[in-house]
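Next up, some structures in structure tokens.
Same chain, two partners: subunit A is paired with subunit B first, then with subunit C.
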Partner chain A sequence: MNTRKNEIERRICELLASYLESSNHPELEAHGEITGDTNLASDFTLDSFQIMEFMMEIEESFDILIDVNSLSNSHTVSDLAEIVISSLDDTAG
Partner chain B sequence: MALLDKFAAADNLKAQLSAVGHDPTQVVIDKIITATEGLVEGRHTILAGTNNYLGLTFDTACIEAGKQAIETQGTGTTGSRMANGSFAAHKALEQDLANFFGVPYGMVFSTGYAANLGTLTALLKPGDAVLLDADAHASLYDGCQMSGADIFRFRHNDTASLEKRLQRLGERAADCLIVTEGLYSVMGDCAPLPEIVELKKRYGAWLLVDEAHSLGVYGDSGCGVAEAQGVMQDVDFFVGTFSKSLGAMGGFCTSRHPQLELIRYVSRPFIFTASSSPSIVASTHEALRQLQARPELRKNLWRNAHQLYRGLHDSGFEVGPEISPVVAVRLGKKEVALPFWNYLLENGIYTNLMAPPASPDQHSYVRCSVSAAHTAQQVERIIQVFCEAKEKL
Partner chain C sequence: MMDSKNTFGQKNGPEPSDESSMQPTPLNKKLSVKTTGFANLADVLDYAATGETGFNFYDHRGELEAVLSYRALREEASTLARRLLGLGLKRGDRVGLIAETDPMFQRFFFACQYAGLIPFALPAGIQLGSHSAYVNQIRRMLESCDATIAVAPHSHADFLQEAVTGLDLVMSGVPEDFDALPEADVEFEPQGSDDIAYLQYTSGSTRFPRGVEINQVTVLENLRAIAEDGLKLSEADRFVSWLPYYHDMGLIGFILVPLICQLSADYLPSRTFAMRPRLWLKLISDNKGTISSSPTFGYALCARRLRPSDYERYDLSSWRAACVGAEQVNPVPLQAFSNALAPCGFDPKAFVACYGMAECVLAVSFAPLDFGLTADYVDQDIMSNTGKASPVSKDAENVATYVDCGPVLPGFEYSIRDENGNEVAERQCGEILLRGPSVMSGYFRDEEATCAVLSDEGWLDTGDIGYRVGDNIYITARSKDVIIIKGRNIWPNDMEVVAQRVEGVRLGGVAAFSISGIGDEELAVMVVETKERDAGKRNELTHAITALMHEHFGINVIIDLVRPGTLPRTSSGKLSRFQSREAFLDRQPEPALRLPGAYLRKRKTA
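Take a look at the complex of A and B:
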């Protein structure tokens, strides 16, 4: 995996941990380390509302726009990193 | 996964909802007595969750209009307007709606859901950008998604969040569509339309406002929140429904843009749906007249809204951010809200349960909607049963 994607994944992992902590998510401690393979829906049982909320955190952090349509099958941290990269590249033009 | 296995989650939800008592999604009102009262399991029940804002469902003029339409035009249209033709009554309602909003063009749909799907799928295409309030109704989401446009959410009623997204869109901002509601139906809060209009103008965007819950409720004429906030002339498209303050069924879009007339040619939810039946069109049209001729309905509605909001607030309940005919009470976890809602129902108060992910945050709510037809005694009884529920649960 390239360095850029590694770095973006690392930032998303931090954001996710922070989001789960701020929302007092019960499964945060039980799950352990968040990695690129972490699945938002199955590992943390985030519902559709929470996933949308978390997407806004990512948008703010990376100063990008995430199309709601791109989220339907993108539930791992690694998938999200791909979306962020795509959006950053779109913005760069 | 087998075809029918996907219903396991719904089956689980159904079991959870039924475990405490009544399933909030399956309440049967055995008999409607008045606009504000029904019989549920033999109990007289105050209807405090039916969006019947002006109480016109039992208005004698509306009922008479519906009866006459059935007798003179029949029970139904038996098809779409494109295939079967429009009845003169459809066209007359469209014109009067346009006049009411002070714009030249109006179009009616068979439901409010179809109005949003039909308008948004016609306005937007793949490659377009739409900025949607995060708490927008499902019909607005679905319309945007069906259109294939790129959908970007902004935080609910947060104009800073909207502006950030307009900035990030770059040149695309100049042709994007901003979609918002007038009155939001879960928390009962209004959009800050003057600020949104200011951004729309600065970036050259378009604006669609859904006045589903605010038609007949806000503004000197009852047009909605855009009228109340003085920005009607800056809204490109108004959408709304006939199933709330007008007491019937159907939806509409009005606009100052002549292209609204062309939506009839390209909107699949309009083209491929049977048109509204004559009785529905007639009672809706009469309700629109009543709305304009009887401002006292709005006065009564707001008197009741103040009474309920103040009563619940002063009894220690956490209510929505502003006084409106939609009064949401925050109850925290679903495990608390579900028995609370059941207690209300079993003691003669019908309300709506809103739980995640259908609520706008991590909390569950019991939502009331007030009617002009509620009496002060009925509103007092609603507050009393809420207090009893809090004490006992």
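Take a look at the complex of A and C:
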């Protein structure tokens, strides 16, 4: 895996950790470390509104606009990183 | 802004110079508000098109993206109607519209009104990892009413294409595909009062979609009642909404109600609201909106995202009716919302509790305007055991709070009955039945489901439980089975079917229901029978079910694994959701989870 994706994944993991902390999710400790394989929908009890809220934090942090429909094929932090990369490339292009 | 090119809602839309000059449609300064004397919805649009008002679409940044005046809508919809008729469609053919907040929806909805076709809204909300679940849902809905046409905005084109593969549709595609069709040289044949105006799917039910069938006369009557009796609308009113068009509150309350009063409406996409709820307040503030509604959770979501700098930024003093409906009205988060926004001029008296359902078009009752919420504090134990709403002080130990949803709108008759069909006394809970001119004619092509809820005398069994004080209605539990999470109706049956796909889950060994959690928020629970004893495998099982529930329904579900044979069944071997729920609650260490409506739910499912 290339370093750019690694870096983006790492940032998403941090954002997720701080989002879960701020929304007071007890599962966080139980689940241990957040990694690229962390499944956003099943590893935490985030509902669809919370997931959108988290997407907004990603948008703000990376200064991108996420195509929300692309989320329908995303499950993990790694999938999200791919979306962020393609949004960053779109913005640059 | 009458140039039709500007009204298509194309994301790359008009020239920059046009964009900077784009203005939302004004208040109704030209027409006298007229809500009666219309023969059908096309007629309603024809009249509104003589004014200057219309629909305005705001983008993800809260900036005006497209304007669709009623005048332009009438032009575009009637042209489109001729194009659709050129396809050789029969009167009454069904047209499925993926209902994104986009001018496309109104154009096709009203093209159907002119052409004598029946439109219905398909859901547009997509969850994380939900690709195949969403496609299947769309396909089932198209199949269930034998649709001939399906239309999607560009954002959903691929999903639609996948959904219609193998279906026998006359045509499906994006709006431009239809705009390229030749116009048929036909005179429109006006819709009669008993012609079906639209179908409304009542839930995201994936397996058994049921389309509520609403006739022209039926919808016109409810629109009139909402406008005149419920909200007392006038020329000075302006609507603001983020509600999805595929929900009755979005479609009826915020497209058709403003239209029938020739008033302007401003829209924010639902997803934008979910991500940036404060844009809702900004839009109300900027455009001096007077009418805007949400289920309780929307107000709570918004309050949570407020920032201190917001208080100087927004002026919400124009907001005169903040309707609360769709799910049970919960006064606690609403109070938090109004306290937080008091510095912006939000008046807590603007809250209007409402009760309604798609089977009655939209609205059944409104609490009185300019009163705010009126809570009734009753003894929770007495309520649970006898269904009697016995008043206690607000600070009593076991208090349950219900909100006054007002008297039924003129035209409706209501009856609250016990299990034997006898009218109950004041302050006694029972099943709510309704009769009147805005009750549906039935579920589309589903006689069994129709007969289950509509009596020969025209009474609709709402499935809702409530009591009355005088003639004011208090709802204590929504439909016997349906689970309402954040305004969405989810059928336990659908959840159970999906869960049984997971390996290790016993067929027929799943029960889903809801309990009330902290702050009376509804929580979904699923009890699952499994033979699995290995802790790691049980954990995997829980994970797999959780993931599926997210993919299909976008909700959190509390999963409780139990040994086979644990779930209670009726004498006929049918699983009893109610008893499963009781047993689940008994297993919990915290008895406070008990729902006040327990007694009634027991009676209903027994």
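A few notes on this one:
In this section, the second predicted complex is superposed on the first by the 93 of 93 C-alpha atoms of A that agree within 3 Å, B and C clash if a C-alpha of one lies under 4 Å from a C-alpha of the other, contacts with A are read in each partner's own complex, and residues count from 1 in each chain.
Keep in mind that, in the parts below, a residue touches a chain if its C-beta (ideal position, glycine included) is under 8 Å from a C-beta of that chain, and two chains touch if they have at least 3 such contacts.
Bear in mind that the values here come from a model prediction, so they are computed numbers and not experimental data.
Considered on the superposed subunit A, subunit B and subunit C are sterically incompatible, since they clash.
In the superposed model, A:Asn39 makes contact with subunit C only, not with subunit B. Subunit A is touched at more residues by one of its partners, and among subunit B and subunit C that partner is C. Legend: residue contacts after superposition of the two complexes on their common chain; A:Met56 is shown touching both subunit B and subunit C. Contacts of A:Asp47 after superposition on the shared chain: both subunit B and subunit C are touched. In the superposition on chain A, no contact is made by A:Thr3 with either subunit B or subunit C. Of the two partner chains, both subunit B and subunit C are touched by A:Asn69. In the superposed three-chain arrangement, subunit B is struck by just one stretch of subunit C from 127-135, 163-171, 307-315 or 397-405, namely 397-405.
In the superposition on chain A, the residues of subunit A contacted by subunit B and by subunit C overlap at 47-49, 52, 55-56, 65, 67-69. Residues of subunit A that touch subunit C in their complex: 39-43, 45-49, 51-53, 55-56, 59, 65, 67-69, 71-75.
On the subunit B side of its complex with subunit A, the touching residues are 132, 134, 141, 144-145, 148, 150-153, 155, 161, 164-165, 168-170, 356-357, 359-362. Those residues of subunit A that touch subunit B in the shared complex are 23, 47-50, 52, 55-56, 60, 63-69, 91.
Interface residues of subunit C facing subunit A in the complex, by the touch rule stated above, are 60, 125-131, 134, 155-156, 159, 271, 274-276, 297, 301, 305, 485-486, 543-544, 546-547, 550-551, 554-556.
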